[in-house]
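Below are two complexes that have subunit A in common, paired first with subunit B and then with subunit C.
Right after this comes the complex of A and B.
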């Protein structure tokens, strides 16, 4: 119980800090960012009233004190009001985020689960086969990890969408066939078809990390006495590998998996941009390009919140599955 | 009970112990690691390219008086872009920016992680609580989106500024590890001894603790560099990187905007990605080598497994030979 209480305090403070950072960041910047921004935007065309309002809201009303603004900001948050988007005026930010979230969670979440499963499986095998030819292949997975993932996306598009027109270049579904998301098998099929390349990108760039982490843990676990004992008892190899070694070696990876699930929403911003995938990442870039600060702040807040929630849940589960974590708080 | 266990287990363990000792000395005499050699060679080639590439390049990277979208040939070694820029010059100039951003950001990240992690772990108490909280906050706040937000709020960005932003957002993970290491080091006898001898905390950290963290710090620096180079590439690709300079990321950005994908200009977008991957791969390999030095289990376990397997294979071969010999005998 003490463990949970302590974690709760840490997360509460983190949440407060993240929201405050979101509030203070635009205000802490040197110079008068609001003026610079308005000047920059008027150079590109007329600044609408909505944009002025959004900028003033973001950088603060010069007349009100910082403290009053801060209180106001919290009040709006509690009402669930993240402001109005400028680039999609007059849609509220919450609505835009709500529409984009399922795309990110569905695509990146699915791909992360696939990548985790494959990586853990291969890592278990590579760790089991330590001291064989497999050892020489393991370092090459770092090459996969070092590839910029959006570049992987570009290469995949080049080969599978441009050279051979097997997969669509952009989008989350076929926009010529459907006016918007709907519940039909055709639509689901279209979504799955469009998700192949983005998901492959994620799997390619993240599977190496899981594999490597699992393999190294597996190697250390296999050196533990209880594994030697299990071997001496004459247990089946398969049983030693799965229920003895892998089960324990997996613990850090499970913690990592929880964190990775937290980054599902905001972790692949650039990839979503390459594929123009209608998720949170693309929304964020749209906001950045359109100087849509209310939207940007809202998206950032949602991304942080997801990470926070995922980390909290992971912490709780980890405390359950690994008693050692509860001991040294 | 335990007495019995030890006495019975000692004799069979002995030969293995001796064997291990022999192996240990053999390993000392063979200090160079294959992964290290490959990684270091790759890295030095890239660094040499960054230093001398712009000098030997015949064209200015911004010179557009070249034929457009030429595949690699003898004049334009890596082809040209849709604006007629020479890709070799672009890559060479980009190497400087990307490596510079990576190294500066890596240094900043390591410094910050030492500042927060080591001090939190060593000092303990309330300082630890506060610093840990800061680390926790930085760990949770997602790096890339934060970097995107900061970059988008700052109008003119130099390469240095981008490096600073990447460094500030990317140190928390390393600090967590350093904190737990410093915590365990603090309770070692030699550290207690120097503390009791009246050494100031700064000196204890600098002389007793940091040298022991050096391998770890090197690894973290290398990862910081990889992280920053990848981050810079991503930011530049989104058009939020250093303004007005050429980096591997900006090349990718221009390639995407210039329709390199649809026009089949693979020489335009393939090299920057490969270059980033090579840097990352070389640093990761060096890091592997360091890992094997500080974590002997990673090194010895595969060797042991190999030894066991060899012994088993030898036994099997012996058995086969015996059987064959017996069969021969029976025939005779």
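Right after this comes the complex of A and C.
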């Protein structure tokens, strides 16, 4: 319990720092979101004084001091108000993110977990079979790791969507069959079908790292005294491999899992763009292209939050599987 | 079951044996000082016929298949009598541990036993060819007949699972019939046997001190009441006070259960104090063997003399060590 409490405090501080950075950074950038919106609107006709005023009110008063703005920003956050998108005016940012987030988390989360599990499993096996033919296969997975996401995505599309039309090229679900997300088995099936290629992209380009890391840790753990003890105890091979060797060998991988999620975010921006997947990554690209500060800020905030939550969960799991972590730290 | 039987029998019929074994040992090995060739005939002649032998190792050769090949153990003969403590002394790298691993089939590539036989003479009369054991038979043999306590007191226990589970692992593998309650009872009993609070079954290894960890390892080694316990420098990482405590514990437990011990260490004076017989190894060969008394009073080989003289006495004079005070 104390472990969780202490972790919570650390994460609260991190969260505060992240949100504050998220507030200050865009304000250090040149440009004024309200001015951009006004410019956009004036292209379609004159902007009345009343409209100007409401826009100003919407985006906050640029003449107010940074401190006042900062306080206002927190107040807005607590109300769940992230401002209004310019590119999708007048949709609130929260609504856009709310629609996009499940897609990203579902796809990237699932793919990363699959990749992690497969990588750890294969790595465990490769480490156990060290010094045999398996060792020759390990480097090829590292090669896969070095391939850029977008390239893998395009190769997959070329072979499995263009040459052979087995999988859809773009989208998160069949937009011709469904008007929007709904709760039905047909829809879930469509989502899964559309997720195959993007998920494969993520798995292919990230599984090698897990595999190699796990394999090497496995080899060094197998040299530990307690593994020899387990063997001298006459335990079954399977038991030694899982409970004695792998259980200890996977600790660094789990610690790295939270950190890796941060990198995954960068990856899925590219991947979602290639597949036109309706997730956060695509939303972010749209926001950047349209100078949509409120949306950008919202997306960054959500990404930061997601990574923090993921790391917190990882921390909790780590504490669960490594009794030493519960005591120290 | 055999478990309970063993508990009943062990103290009754094994305890008197050490004295027997000792006398036998003296008889067989007394005339032999420079072992290499001469000891073979004497040792092997009656070994398999006599019932008080627990392990016979003949002509054991172990090599490390690296370039150039390292001959770690060369033509070693070793006989361990039931209930005795056989001390194996020698400097680091002389092949003591390799030999012990060879006896329990724990060698891993590049180590390879190129020649020799290891026979285990079971209590119920069967002779087991240890080197021929494979797969499940080998697994069943390990720990049940021969258990080990390793050098690294700090690292022999799995750091992420509780003591209870590590003890239970032994039972679930070797005594599949045992119930949870029986296992719990036995685990607690074992811990109290070695002087550790039974509630420590709930602890993780990192919550125990080095000495306690080694005691837990000894408890684990006792779990199936093996006939031979190989102790590979069990006290090396511990300070002398804890070391003495643990050695006493081992001696006491041996009195109760009557298992034989191969005690490996580079601390020759300590070995002389606790062992029935001592074998001195150098560069993969046993250069001298005999009873502790013989080695102490009448060492023949140059190397043994050198080893003995390298320990200063309490008064600081080299070559005249005194380790009295407590006999055992």
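Throughout what follows, the second predicted complex is superposed on the first by the 273 of 329 C-alpha atoms of A that agree within 3 Å, B and C clash if a C-alpha of one lies under 4 Å from a C-alpha of the other, contacts with A are read in each partner's own complex, and residues count from 1 in each chain.
As a convention for this text, a contact is a pair of C-beta atoms (placed from the backbone, for glycine too) under 8 Å apart; a residue touches a chain by one contact, two chains touch by 3 or more.
Keep in mind it's a predicted model, so treat the numbers as computed, not measured.
Asker: Answer with first, second, both or neither: which of subunit B and subunit C does A:258 touch in the superposed model?
Answerer: In the superposed model, A:258 contacts neither subunit B nor subunit C.
Asker: Using the superposition on chain A described above, determine whether A:123 touches subunit B (first), subunit C (second), both, or neither.
Answerer: In the superposition, A:123 contacts neither subunit B nor subunit C.
Asker: Touching A:83 in the superposition: subunit B (first), subunit C (second), both, neither?
Answerer: neither
Asker: Just checking: does A:92 make contact with subunit B only, subunit C only, both, or neither of them? Give me first, second, both or neither.
Answerer: The answer is neither, since A:92 touches no partner chain.
Asker: Between subunit C and subunit B, which one touches more residues of subunit A when both complexes sit on the common chain A?
Answerer: B
Asker: Should A:213 be classified as contacting the first partner (subunit B), the second (subunit C), both, or neither?
Answerer: Neither partner.
Asker: If we overlay the two complexes on their shared chain A, which of subunit B and subunit C does A:172 touch? Say first, second, both or neither.
Answerer: In the superposed model, A:172 contacts neither subunit B nor subunit C.
Asker: Would you sort A:131 into first (subunit B), second (subunit C), both or neither based on which partner it touches?
Answerer: both
Asker: State whether A:139 touches subunit B only (first), subunit C only (second), both chains, or neither.
Answerer: Touch status of A:139: first partner only.
Asker: Based on the A-chain superposition described above, do subunit B and subunit C contact any of the same residues on subunit A, and if so which?
Answerer: Subunit A residues touching both partners: 131.
Asker: Which of the residues in subunit C end up touching subunit A in this complex?
Answerer: 104, 106, 109, 138-144, 147-148, 150-152, 155-161, 169-170, 173-174, 204, 206-207, 217, 220
Asker: Residue numbers of subunit B touching subunit A in their complex, please.
Answerer: Answer in residue numbers: 35, 133, 136-137, 140-142, 144-146, 148-150, 152-155, 226, 230, 233-234, 237-240, 252, 255-256, 261-262, 264, 266, 269-270, 272-273, 276-281, 283-285, 288, 291, 295, 297-298, 300-307, 309.
Asker: Report the residues of subunit A in contact with subunit C in the complex, numbered from low to high.
Answerer: Counting only subunit A, the residues touching subunit C are 131, 224-226, 228-236, 239, 243-244, 247-248, 251, 321-324, 327.
Asker: Over in the complex, which subunit A residues touch subunit B? Could you list them?
Answerer: Going through subunit A, the ones touching subunit B are 10, 13-14, 17-18, 21, 25-26, 29, 33, 36, 40, 130-132, 135, 139, 142-143, 145-148, 150-152, 154-155, 157-158, 162-163, 169, 216, 219-220, 222-223, 263, 266-267, 269-270, 273-274, 284-285, 288-289, 296-297, 299-300, 303-304, 307-308, 311.
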